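Chain lettering (A, B, C, D, E and F) follows the sequence in which the chains are written, and residue indices restart at 1 in each chain.
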Amino acid sequence: MNQTFIHPQALCESQAIGDGTRVWAFAHVLPGARIGRDCNICDGVFVENDVVLGNRVTVKCGVQIWNGITVEDDVFIGPNATFTNDPMPRSKAYPKAVTRTLIRSGASIGANSTILPGVEIGTGAMVGAGAVVTRSVPPNAIVIGNPARINGYVADTEDPSIPLRVADTRAPGRTGLGVGAAGLHELRIAKDLRGELSVGEFERELPFTPVRYFLVFNVPSQEVRGEHAHRLCEQFLICVRGSCRVLLDDGRNRREVILDRPSRGVHMPAMIWGTQYRYSPDAVLLVFASHYYDPQDYIRSYDEFQQLVSREPVRA
Amino acid sequence: MNQTFIHPQALCESQAIGDGTRVWAFAHVLPGARIGRDCNICDGVFVENDVVLGNRVTVKCGVQIWNGITVEDDVFIGPNATFTNDPMPRSKAYPKAVTRTLIRSGASIGANSTILPGVEIGTGAMVGAGAVVTRSVPPNAIVIGNPARINGYVADTEDPSIPLRVADTRAPGRTGLGVGAAGLHELRIAKDLRGELSVGEFERELPFTPVRYFLVFNVPSQEVRGEHAHRLCEQFLICVRGSCRVLLDDGRNRREVILDRPSRGVHMPAMIWGTQYRYSPDAVLLVFASHYYDPQDYIRSYDEFQQLVSREPVRA
Amino acid sequence: MNQTFIHPQALCESQAIGDGTRVWAFAHVLPGARIGRDCNICDGVFVENDVVLGNRVTVKCGVQIWNGITVEDDVFIGPNATFTNDPMPRSKAYPKAVTRTLIRSGASIGANSTILPGVEIGTGAMVGAGAVVTRSVPPNAIVIGNPARINGYVADTEDPSIPLRVADTRAPGRTGLGVGAAGLHELRIAKDLRGELSVGEFERELPFTPVRYFLVFNVPSQEVRGEHAHRLCEQFLICVRGSCRVLLDDGRNRREVILDRPSRGVHMPAMIWGTQYRYSPDAVLLVFASHYYDPQDYIRSYDEFQQLVSREPVRA
Amino acid sequence: MNQTFIHPQALCESQAIGDGTRVWAFAHVLPGARIGRDCNICDGVFVENDVVLGNRVTVKCGVQIWNGITVEDDVFIGPNATFTNDPMPRSKAYPKAVTRTLIRSGASIGANSTILPGVEIGTGAMVGAGAVVTRSVPPNAIVIGNPARINGYVADTEDPSIPLRVADTRAPGRTGLGVGAAGLHELRIAKDLRGELSVGEFERELPFTPVRYFLVFNVPSQEVRGEHAHRLCEQFLICVRGSCRVLLDDGRNRREVILDRPSRGVHMPAMIWGTQYRYSPDAVLLVFASHYYDPQDYIRSYDEFQQLVSREPVRA
Amino acid sequence: MNQTFIHPQALCESQAIGDGTRVWAFAHVLPGARIGRDCNICDGVFVENDVVLGNRVTVKCGVQIWNGITVEDDVFIGPNATFTNDPMPRSKAYPKAVTRTLIRSGASIGANSTILPGVEIGTGAMVGAGAVVTRSVPPNAIVIGNPARINGYVADTEDPSIPLRVADTRAPGRTGLGVGAAGLHELRIAKDLRGELSVGEFERELPFTPVRYFLVFNVPSQEVRGEHAHRLCEQFLICVRGSCRVLLDDGRNRREVILDRPSRGVHMPAMIWGTQYRYSPDAVLLVFASHYYDPQDYIRSYDEFQQLVSREPVRA
Amino acid sequence: MNQTFIHPQALCESQAIGDGTRVWAFAHVLPGARIGRDCNICDGVFVENDVVLGNRVTVKCGVQIWNGITVEDDVFIGPNATFTNDPMPRSKAYPKAVTRTLIRSGASIGANSTILPGVEIGTGAMVGAGAVVTRSVPPNAIVIGNPARINGYVADTEDPSIPLRVADTRAPGRTGLGVGAAGLHELRIAKDLRGELSVGEFERELPFTPVRYFLVFNVPSQEVRGEHAHRLCEQFLICVRGSCRVLLDDGRNRREVILDRPSRGVHMPAMIWGTQYRYSPDAVLLVFASHYYDPQDYIRSYDEFQQLVSREPVRA
């Protein structure tokens, strides 16, 4: 099974084909293409020259991989998924350079989806069947529709086919989330005829003493904010109006929380990759932070984040 | 014409190919596939092993029929239509069993549409070009868009290419609909300064004496209700707020009615297959019924309904 | 105390003053006025000629009772309450006849309110302080604001100062209302992903077999409908969209019901005085009736209704 | 001028009339009434027994002061203004005790307004002409309409006829308000395609270090919150969604601020009487506080507040 | 009847009382007041010094006419109507000058209404009972409510008690309005799938050839526009979105038109006093004019307009 | 390069292949197809018999060109783009004639898009990747989505990849647009408390004297209106409510204008191709025209328009 297999009806003009890779009937691989180990290149697939495919990549029937497209390890590309490399194509009018597209490791590209040029599909992301992807997709995000919007995030790595559980307890007090030391806090609330009042005391009830607050608002509903981790800074998030979703990820486990009332906060300790999305039009997110703003404290690359947490012992 | 034809450039590894079926250039049929009579398998089509195609099936170019997909007689599959059999695909992560898909007889799958795994496309249904089908499609429904929604129903069987006429008379009194004994009733209405008043007297003006009423409301606009026939029970439907569409089908003819005012009712006799859809967000449907609720009175399978009416003499 | 008292500073030119009535300083009663027993005519009140006041009437300071105003027994008229008798007054342009106003027995007219000409303030009604009354006020109604709108109804006669309890049970089945044989019915309701469904069977679940239905809709929110009783006809009311209030009165007790969901009905037997008000803008009221329309069946005068029920034994 | 004057056509049966007070024609004062110095009781006014009027009170024509009404010093009562002392009046049905009404010093009651029983009109408040007052009026508030709602607050005591200036600068940084040490803060704000972000650092940018926050929301628009001062606690208020008005009062000066954006905060030091009103339906008010909650720290009586600040030196 | 009458219980300290005027019991007229001929000053009225009343004025009970109030001929003042002359009254704080109020000839002031200081009530206007008038009232307008808004206009002078007929024909072509040469035009309209289209050809279908157009929009619903006449300029008005009312007045007759569709225009010839009011929030009024803008062409005083038309022969 | 190239693995059964055209592996061209010069027919493309392709056409992998499809010069067809020729396909039910589709010269068809039968894709138009085209596309339009809607227009021919600049000046007076003699007019506007007023005088301020106006309204937002030129008639367009976009094209240059206020007009001289689209739901477009309606004055074919303007000298 570790032997490279080229179907007799295939046209494989490249020599750079890894061990265990199979190329099936009517597929056509141009000479410059490089394909890794244990890949599966199905019937009728077309691979141009300026293309690199990683190891264990599956490319189903009816797919073309054009110049400028890079596919990392363990990517699945569904049947008839369509790539592009020219944003405003005209016949015989060639752009000086193709617009490059990057499919990160572990991502899946749904059947008959369309990937516009220049995007990056993040690690572990899932592009829904029939989706038309016009912007980059964050790590682990699930996108669907035309144009594609984030619909959720895939569950943690132990069992990738199970959708993320959304935490939704209303019990007062703190509930652990199973993601590092993160917790969901239900705060005190008082109602009377004149309105409602929600209270939190910094050193008594909140998990740290903030030195700073900020407010996030007027976020277009399709936008994602956050998408970074902090080395030292802790945060406490409350959606004081409207609602949003917060995805917490410690590099091993992921958990999603809906913030939709002023009496609910989520504590995001340091070294948690945080993502906020599905803001309602009226959402106002209040965030308390344990440290002053320091750009050195931000980890903005999910790759770097994963490398850092893989060196650390598990915390819970 | 009754002779099986395999194009010299085709790869047909199966022996179970019916008489009169043609397989064209660059098509690839795996050994386990079974294909019926008088089918047309166009250029570049790919058919896996665990596949059954009925008789008189057309599969246009650029289509792959994967393991787990069953296609009944007289189905049309347009060019580049794309099937799937894994809801959360990952490269090299194979599900224990593929998710099966069933295309019922007489259905048509539009060009470049996407069919998600696990759905059933009903008898005679029409999937629009470019649609992304995420849920099962009822018999004779026309679905379009991403995700696909029901846009209408195909006309009766004598002339399937003509869209359904929608009845819309405003004349007072009863108008026959050409579907069994069904009728459209315009009721009396009175307006004064304090509001409007619509009146119907059961024994004098309605076509039967009801023993029961029910109200249908809060139906999401994309939903379909009804989709069954009664053996004995007659119904009289009024949309007292908002609007909806009612499809009446006696097994031979179909007719659609828009209910959008408190003074309009539709009489649905027994042995009429009824479907309600395109509810406005505020729709409230009032239904009078001639019999008490009896689960034995329901026919919930369109196949069974068609068998029953085919045995009966035509009523009108 | 049974002696008539005229303050020395008063100008009382009428002889028709009942026993026990007191007329205070600066009050001026013209010769034609007739005033009953045990009235209290406070400082500065002015009473014209074509005026009749019943027994036990209180008229506080700053009030003028003009020609054409009739006040029945036990009426309270608050300070500076202002009456009128010409809808389009012009100086020196006298209407051929004054527009008459009638204050029924037991009504109270709030301080500084304004009563436009031609209205009737019903028995036991309460006009709020500062209200501007532009239309007749039903028996026992409480009206406030400018222009005055019905805000509620006063409780039954045993204890007039307690506001009416509003029935609001959600328990399934029938709940008696303490008003004749009237009952509140919570009907069966079924919800599933496709919407909600509410059911009632006529002979099994409803308290009578209807022969007729009607729908009331597009009622401006400030309007009142109903305000009559039936001799024989029973009704069953469901507000299938929006909400309204129904006041039931058997001549001895009154009770109010909020209809605000399709699964709640109120049974109004014969000989119940019914009033519907506070319609939401989108309200659609469905009414089942036990008899065909018969104008002879209506009792439209509350006085007549009270006379009829006072002859009957109490039913419950 | 210091001599009491009783018009010959007046009926003054009380002996407790202060020096310099004048009682004009057709006025009637009952024996138990007590009236202070330098009052002016105009033509036709009626004063019952259980009444106390302070010094320098003006009562214009057509007014009656009933049992249970107390009027402090320097109050103006416009012509035909109407008081009440029975919430549900019925003729000859006397309540066990009248419902008392209190008009605090310096208040003005507009012409032809109506005051319902049981309310307190606060110090310096202004009731608009024709208003119908159904609830108590805070100190210095201006109320208008039927029913009366707060429309604003009267300016500080140096010049009561000038309406309050509303602070509305958009310059970044802190702006003094002329009310103790209170200040308006315009905070940093950053906008990008993903939304907006407003930031404040506790020890660096805010005027104190908070130990606590609370959120006020779902306040009905007609409600007033706040209306107290703190002995020690400082507050910093931001309306993070919608808008509200904040009235600051140091006992000498008053100033009003509109909070209507997440980047604007108002600093309310200790010993400032604060009132929040005109909440928009969607308003969410975020408050940082310098001390933990302590009921002893609240001053809830404006009288007490004024006594305390009158002992202190002016701070600014 | 031409003899002045002073009731023995009245206090009339003025000598300037016209022939035929009557002053009734408990009324009090101060020495400086001047009252015209044939007036009726009812019980308990109070008239201060700086007051002029014209001829044939009626003042009902409970009214005070304060310093600064001028009342022209033929005015009716209803019972308990209340005037004011100080916008921010405080006890013992007297304004340097009272704020003056003017009631123009023929106006009527409704019972228990409140007139704030500084307004002018126009000729023939009608203030509804209980209204609180906070702004000046145009000639012939009917105002009601708190605060008072224009509800309509009184009918032409031949029969002032009949409300104005509102023209509402939908017949195509031109309909005369009975006001000079003014006419209502129903224009052609065409609808197709792409929308609707309304057409008018200037020289063929409109009553004059315009040289100018203007658009009126964003008019708050309570506002009035127009209120002037043109000497030469003709206008053609179409409300192309929303609706408004147009009052046309030739000095002899008045007529009101509702403009509420793009296919309806009203032709307003020269020498017609025009008023537009009750704009819907979205109203856009398109006006064609026969002359260029010329400020000399405007007649902005209704008094001047009436003098001009009274000299002209009747046109129709 | 001018030599025709047929890949050895291709099946090219047609003789009508132009010079310089290349046909690649697994492509299949049926005998009746005619293909022009310098075309590029990529791997796996299928071309039926009743097909004509112009010169310099690019057809990427995975595309089928069915009977009835005509492709003019310089067209780009992206990978997996899918055509159709039967609106209601059923297996083995062949329409009498295929529904024809026309792709005009210079158009580009995006990757994986779907083109329904019977449409015409206009000259220079751009169909977005993944779009589902259900209606004809105007010249130079950019369409995206499912179903496809116009998102804009491509810039003029000198530089097709630059998006159209949208004119948006607010300076008063006239601004040339660089498209023939067309101009954008900012008109005078006057605001006061009663609303706003916009004025234009025909002979003084507008660029021509209109003889006609029309109003366009109730246009569904996805609709396009206009799309023609006039030989003689000039137009002046004002969007008096809501907004729309107007594209002006003199055959050499294109420019787009947003009309979104009553004070902005655009002058469209004769011989300008005009298109209006992106109507807001409430848009009302007022158009003045210099000539009476004359069907002979319309040029409805963009081809004819381009021929006519190419004969004329450049005007500006």
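Convention: a residue touches a chain if its C-beta (ideal position, glycine included) is under 8 Å from a C-beta of that chain, and two chains touch if they have at least 3 such contacts.
Note that this is a predicted model, so its numbers are computed, not measured.
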From chain C, how many touching-chain steps at minimum until you land on chain F? 2
Going only between touching chains, how few steps reach chain E from chain A? 2
When I count C-beta pairs in contact, which pair ends up with more: D-E or A-D? A-D
For the identical-sequence pair chain E and chain F, what's the CA-based rotation angle in degrees, nearest 5? 175
Euclidean distance of C-alpha centroids - chain B vs chain D, Å: 68
Can you check how far apart chain C and chain D are, centre to centre, with Cα atoms defining each centre and the answer in Å? 37
Averaged-CA centre spacing for the pair chain E and chain B, given as whole angstrom: 65
Do you know which chain E residues sit against two or more other chains? 26, 44, 62, 80, 112, 146
Listing every touching pair of chains gives A-B, A-D, A-F, B-C, B-F, C-D, C-E, D-E, E-F
Using the touch definition from the top, list the residues of chain C that touch chain D in their complex. 9, 25-26, 38, 42-44, 56-58, 60-62, 74-76, 78-80, 106, 108, 110-112, 126, 129-130, 144-146, 160-161
For a test of understanding, state which residues of chain E touch chain F in their complex under the given definition. 194-203, 210-220, 223-225, 240-241, 262, 279, 282, 284, 286, 292-293
Given the complex, residues on chain A that touch chain F span 11, 26, 28, 44, 46, 62, 64, 66, 80, 82-84, 88-93, 112-114, 116, 132, 146-147
